[in-house]
Amino acid sequence: MSTAMQFYVSNLLVYLGVDVMACLGLNLQFGVAGIVNFAFIIFQAAGAYTAAVLTLGSSSAGGGFQSYIGGARLPFPVPFLAAAVVGGLLSLLVGLVALRKLRTDYQAMVMLVISLIATTVATNATGLVNGSNGLATIPKPLQSVLGLSLVGYQWVYVAITFAFCALVWVGVHRITSSPLGRTLRAVRDNEAAAGALGKNVTVLRLVAFVTGGAIAGLSGAILVQFISAWSPGSWLFPESFVYFAALIVGGSGNNVGAAVGALLVPVAFLESTRYIPQFGYPGLVDALQWVVVGLLTLTVMWFRPKGVFPERPGRFARRAQVP
Amino acid sequence: MSLFVLSIGFGLITASILAIASVGFTLQFGVTNILNLAYGDVMTGAAFIAYLVTRAGGSLWAALLAGAITGSLASYVLNRFLYTPFVRHGTRLFGMIIVTISVSLVLQNGLQAIFGASFFSLVLPRTASYGFAGMIFTGQQLLIMGIAVVAMAVVHSLLSYTRLGRAMRATAADPELARGCGVATDRVVGVAWLMSGALCGIAGVTLVMNVTSFSSTTGGSFLIPVVAAAVLGGVGHPYGAMIGALVIGLASEVSAAFVNPAYKEVVAFGVLVVVLLVRPQGIFAEIATQKEVVA
Amino acid sequence: MPTSSASPVRPETLLEVRGFGVGYGGAPIVDDLDLTVGNGEIVAVIGPNGSGKSTLLKGLTGRAQVVHGSVLLAGADVTSHREDKLCRLGLGFVPQHKDVFPTLTVEDNLKMGGYLLARSKIGRRVDEVLEVFPALAPMRQRTAVRLSGGERKMLAIGRVLMLEPKLLLLDEPTAGLSPELARHLLHDQLPALVSRGVSILLVEQKALDALTVSDWGYVLVGGGVQISGPARDLLERPDIREVFLGSAARPAVPARANP
């Protein structure tokens, strides 16, 4: 493989790992627990930001050209774990407020609004996250220690990504196949039953929400350490929608479906087409890509509403099919 | 003090645009129970048509008319050929959010693909400014407020005093019972979408009349204050939406004058989140909306 | 079919249901059912839970699939007609739940009931219906959601009366009402309606009350008519009294019981 080709493939593989992780996290929230978290990308962004500032060193270092809070220079893998913790804590905070008894679409609206508020604040509060410029020159973990060639390091990073991805897979799988996972599905399928089960349900959904948020944070950290830059503009609401589209195409509620969705929508559809030649005015290809993502989602919603890999019916009675 | 009065003036203009938009939005929801998250992008579509009309030398009135027709037809087609089939196909609340967001994505980026990712302005004659009790309005801003007042009056008379309006409210309350009374609910729903779509289109045009420039994302980002106003008044309740628009419009513009203007939408968002969490049926609604979507 | 020994002559038939079968796609819930309502009669359909009472009504009003049989209203075939068509033909249906428009005022609810009337007639007809239920008259502008249970049921019946139906179909009108209100509705309101020329098909849980005000009764069990006869005779039968006086632990009416 030529060096250019190696870069291309390893890039795609890292993106794939990140997107699979994110889809597994969102699947826990949306597919299993039925929470329409349109703010998913914010938790990923928070994790990414955490990892960034924990490796950049203090704000005044590097000539102080970018301002941020909580700068430190912590060794691998502490920033990754901290990112997961921050993603989880932020989810706990949001979940405590938003996971009350609300109609599904109202809950989705709250999440959407939280996403937009977060973007507005991050863009305008310069002292917080350096405003719309974001952060740059984020160091890559172990790069100086390993002393590898650039392309060699790419493959090391692929390995790191896949290792975390495997960990997340095992963790999520254990949750979804546990009694907790079955209860969450039951609650998702029958909100009336959820009411009958009482207060406990909110706690269970919160567990799913926080775990999903921690996974989002971790995936953000892995991404940001790879691309070395962070800015509010790259974590906008439509990016959340991409993950939703992935789950819907792959098959929400099913981890294999989530992984396949990650491969199909964000990676095959958006990442790989970034390398096709641009035509028309700048931005035309991007716009058309989003049009296609929307149309693809609509098509799948119509023809295969349960996705390519539908959720397997559990041992408990599924939702009655009688209208 | 003068800054405060001035910002109230801005608030009234924003509230006027918001009122037109959120009454349309709330009508769609009231009659079909679909939260149409593509509403803002239909507004943008109407704005672009109005832009083309003014660029071709058409008057502002022609632009408004064209915008209203565009919004009307686009909304009707969306409901008739996309949303209703999805609902009949078995897609529920949960799925309908994804469907309307997908449509929003397609519309917004479709408009961007057609018109390009740049900024546009309506070609309008310059008008004089009028001072009034410490507030300053341009002729066009006065026109916007006038349109809002007329639109609200028309909606009010139609809903309160006509057979069609009563049928619309009845269909919103209980479609099955309305059918039992002999209402052709399909046709009433169709008319409701035509009407709310016209409001949507007019809102889109007035929105871009009031800004120096707009792009393919303008309507989409206006959606949140629209939803905030509608939810504040209790989704599905046109009068609530009017009051909600006034509250949100004033709150966001007055806060913009005293805090960072970039945060004025955050105020609208904040109001929305608080209302949703504390009183999801809205402040002015008598009964909570627990209904499913209707076909 | 075994009926009471003395079968009095019934008035001219208004509603005739023949060999009726209704279901939801699977095996019919209501099967091979015959039922008639005569002009000026109150006819009660009673039966235990799950006996097919509500399915029968859904079949009559086009809300469930009619598998076989026919429904004739004053001689015209109305099998599987939807409600809007039925109300044009003089059959008014008052569902058990969702019987009024909660967000509309009393007056608007009545006007919706008269949706098919000529514009000029609606106002006068609203006044006439409010004469039938004078309790509603002072509440014209009140939203239906703020009515009491009894007022709400009167409004629901009033809404249907707007089109001057020949036959009223009432689905458990006393459900959720206090005993006094239920008695008032059954014993005072229904006969008053009949005196205005309306016939009534009444489906009720409160079997004994329903039979007391009715001319004719049908006992439904397992989706078919088990017993039918003059309401007075049914009331005298010990087996029926026993079943409907609340011995819930017992099985339903013994098959083909003979007095």
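Residue numbering begins at 1 within each chain, and the chains themselves are lettered A, B and C in the order written.
Everything below uses one rule, namely that a contact is a pair of C-beta atoms (placed from the backbone, for glycine too) under 8 Å apart; a residue touches a chain by one contact, two chains touch by 3 or more.
Quick caveat, the model's predicted, so the values are computed rather than measured.
Put simply, the chain closest to the centre of the protein, by Cα centroids, is B.
The chain with its CA mean position farthest from that of chain A is C.
Per-pair tallies of C-beta contacts place A-B first. Mean C-alpha positions place chain B and chain C at a centre distance of 45 Å. Inter-chain spacing, taken between the CA centroids of chain A and chain B, is 32 Å. Centroids of chain A and chain C (each the mean of its C-alpha atoms) stand 57 Å apart. Within chain B, no positions touching two or more other chains are listed. Per the touch definition, chain C reaches chain B in the complex via residues 61, 82-84, 87-88, 93, 95, 98-104, 108, 111-113, 115-116, 119, 143, 145-146, 159.
Residue ranges of chain A in contact with chain B, taken from their complex: 34, 36, 97-98, 100, 102-106, 108-110, 112-114, 116-117, 120-121, 123-124, 238, 241, 244-245, 248, 281-284, 286-291, 293-295, 297-298, 301-302, 305, 323.
On the side of chain B, the complex with chain C involves touching residues 163, 166-167, 169-170, 172-174, 176-183, 286-287. Chain B contributes residues 35, 82, 86, 89-91, 93-99, 101-106, 108-110, 112-113, 116-117, 224, 227, 231, 260, 262-263, 265-266, 269-270, 272-273, 276-277, 280, 289-290 to its touches with chain A in the complex.
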